[in-house]
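See the structures that follow.
Two complexes are shown next, each including chain A; its partner changes from chain B in the first to chain C in the second.
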Partner chain A sequence: MNLITGIDVTSSALNAQRTRLDIVAQNIANAQTTRSVDGRPYQRKVVTFETELLRQSGAVRGSAAPTAVRVASIQTDNTPGQKVYDPQNPDAAADGTVTMPNVNLAYEMVDLITATRAYEANLSVAKNARQIAMKTLEIGK
Partner chain B sequence: MSLIGSIGNLTPSPLQRLPGTQRTDALAPGIQALAPKSLAGLEATPTAGFGKIFEQLVNTVEAKQSDAANITKSVLLGQEGQLHQSVISMQEASVAFSLMVEVRNKLVESYQELMRMPV
Partner chain C sequence: MIDPIFQSGNYQLARKLLDGAVLRQEAIASNIANSETPGYRRMDITGDFASELRARVATMGASATSLADLQPHLAEDPHARTVRPDGNSVEVENELLEMNRNTMEYNFMADVVSYNIKQLRVAITGRTTA
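Now for the complex of A and B:
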């Protein structure tokens, strides 16, 4: 029994956008990290989404099955980072340059705003679905 | 409970006999002759009592509320689950509870309507 229809799809979208926000936070936090786990400068991560067919006993009827969204992969952006001359840095190479992470704060802020707006849009859908359910219950009044 | 239990037998809803269906009856008199038979057949076999259906509804609402409580607990303890899952499950439990209250209101209303019937 699912009273608020379509809420599973919205919930999966909220999950996906939440992951995207987490990855943006990770990118911004590591914007100056010159030594990550593998010893190289941090490489920014990119989230991709894919559709997921919801398996519900009652809902799957032919092509009308609801398709949710899930995180397909978290890939590494391999573009080379900026080289900064800083001989004092312990991570500097022999020629005195340090390879900075390839994180562009402007891109990350745009991604952050997009993910936040997408999250808000899905929240509105959830709110509307609940309102519709409550309005439907008012038929009998 | 026998009074309320008999409500379960009213499966052929009165709403189904709207003016729209009367027109088809006029077009095909054969269907009209068949209809009372099928209705009588439904009345002869006792369906599940309304009390049982309502009990299942109450159980479902209770399950939804305990689900919501569990998810909220795990979110608050930082174990697993996201914030929105907790809120959504709470809303779902709330809607299910409202539906249960609505069914109960309708039930009491129909009972009072019957009691008001002049004998």
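Now for the complex of A and C:
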């Protein structure tokens, strides 16, 4: 048992949300990248989460144990990007069009806000857990 | 001689409820951590902890022996409604409010336990200052 209850669960969530923020940052940064490492336009990345059982619950049947969260995978969004007519661009195809990355800034901003709020919610859980631990140490004082 | 203070009904009850509050804090931490996990169902302390506690206090009174084997457990909340298309049933706002309420409850119970111990100190030293 931890002195600060549930802190391992909360820290796993903070980690997962931070990874998501990193990916959003990467998507926004590459919103105009027409030539990525493989020579093709950048494809936006999507983070998926999954639960992770931290420890088996006791012998009692039907009782559940707290579950942490982890990043299950970072997948590539394969929807085709917009084609823009720009013959001057070195990455233009023979017909003069350039395939842009499939990054939609509006989606990314919504994701950014959601991830930030989720991060903040988990931070306030950590703060509360700390307060409970402090109170425990004060018992009898 | 010191038995009567630690046998007090309030002290024993507060001990059990502290266990419950700590476990609920863990459940809430898990719920908020998984608020974006597809298919996650929110968990909480099983309802029979409260009813069993009430029943035991009503029939046998609150004492160390009557409450000894009563432990809170976590389970999926069967009443939670699904709030996201992916089957997740966590409402972060409710969890945060529940967490605040639970922390207040914990603080109060810790004060009750503290108060009992302080009383014992007064009995031993005859002074109120720590």
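The rule is short, and it goes like this: the second predicted complex is superposed on the first by the 130 of 141 C-alpha atoms of A that agree within 3 Å, B and C clash if a C-alpha of one lies under 4 Å from a C-alpha of the other, contacts with A are read in each partner's own complex, and residues count from 1 in each chain.
Simple rule for what comes next: contacts are C-beta pairs under 8 Å (C-beta built on N, C-alpha and C of every residue); 3 or more make two chains touch, one makes a residue touch a chain.
Only a predicted model underlies this, so the values are computations on that prediction, with no experimental measurement involved.
K.L.:
Contacts for A:V84 in the overlay, against chain B (first) and chain C (second): which applies, first, second, both or neither?
P.N.:
Neither partner.
K.L.:
When the two structures are laid over each other on chain A, which of chain B and chain C touches more residues of chain A?
P.N.:
The partner making contact with more of chain A's residues is C.
K.L.:
With both complexes superposed on chain A, which partner does A:I113 reach: first (chain B), second (chain C), both or neither?
P.N.:
In the superposition, A:I113 contacts neither chain B nor chain C.
K.L.:
Check the residue A:P66 against both partner chains and state whether it touches chain B (first), chain C (second), both, or neither.
P.N.:
Touch status of A:P66: second partner only.
K.L.:
Once chain A of both complexes is superposed, is A:R18 in touch with chain B (first), chain C (second), both, or neither?
P.N.:
The first partner, chain B, only.
K.L.:
For A:G6 in the superposed arrangement: first (chain B), second (chain C), both or neither?
P.N.:
second
K.L.:
After the superposition on A, what does A:G140 contact: first (chain B), second (chain C), both or neither?
P.N.:
In the superposition, A:G140 touches chain B and chain C alike.
K.L.:
Taking the contacts chain A makes with chain B in one complex and with chain C in the other, which residues are shared?
P.N.:
Looking at chain A, the two contact sets intersect at 7, 10, 140.
K.L.:
In the complex formed with chain B, which residues of chain A make contact?
P.N.:
The touching residues are 1-4, 7, 10-11, 14-15, 18, 123, 126, 130, 133-134, 137, 140.
K.L.:
So in the complex, the part of chain A that touches chain C is made up of which residues?
P.N.:
Residues 5-7, 9-10, 12-13, 16-17, 48-51, 57-58, 60, 62-69, 114, 117-118, 121-122, 124-125, 128-129, 131-132, 135-136, 138-141.
K.L.:
Provide the residue numbers of chain C that touch chain A in the complex, in ascending order.
P.N.:
The contact residues of chain C facing chain A are 21-22, 25-30, 32-38, 40, 43, 46, 71, 73-76, 92, 95-96, 99-100, 103, 106-107, 110, 113-114, 117-118, 130.
K.L.:
For the complex, which residues does chain B have touching chain A?
P.N.:
Per the touch definition, chain B meets chain A at residues 60, 82, 84-85, 88, 91-92, 95-96, 98-99, 102, 105-106.
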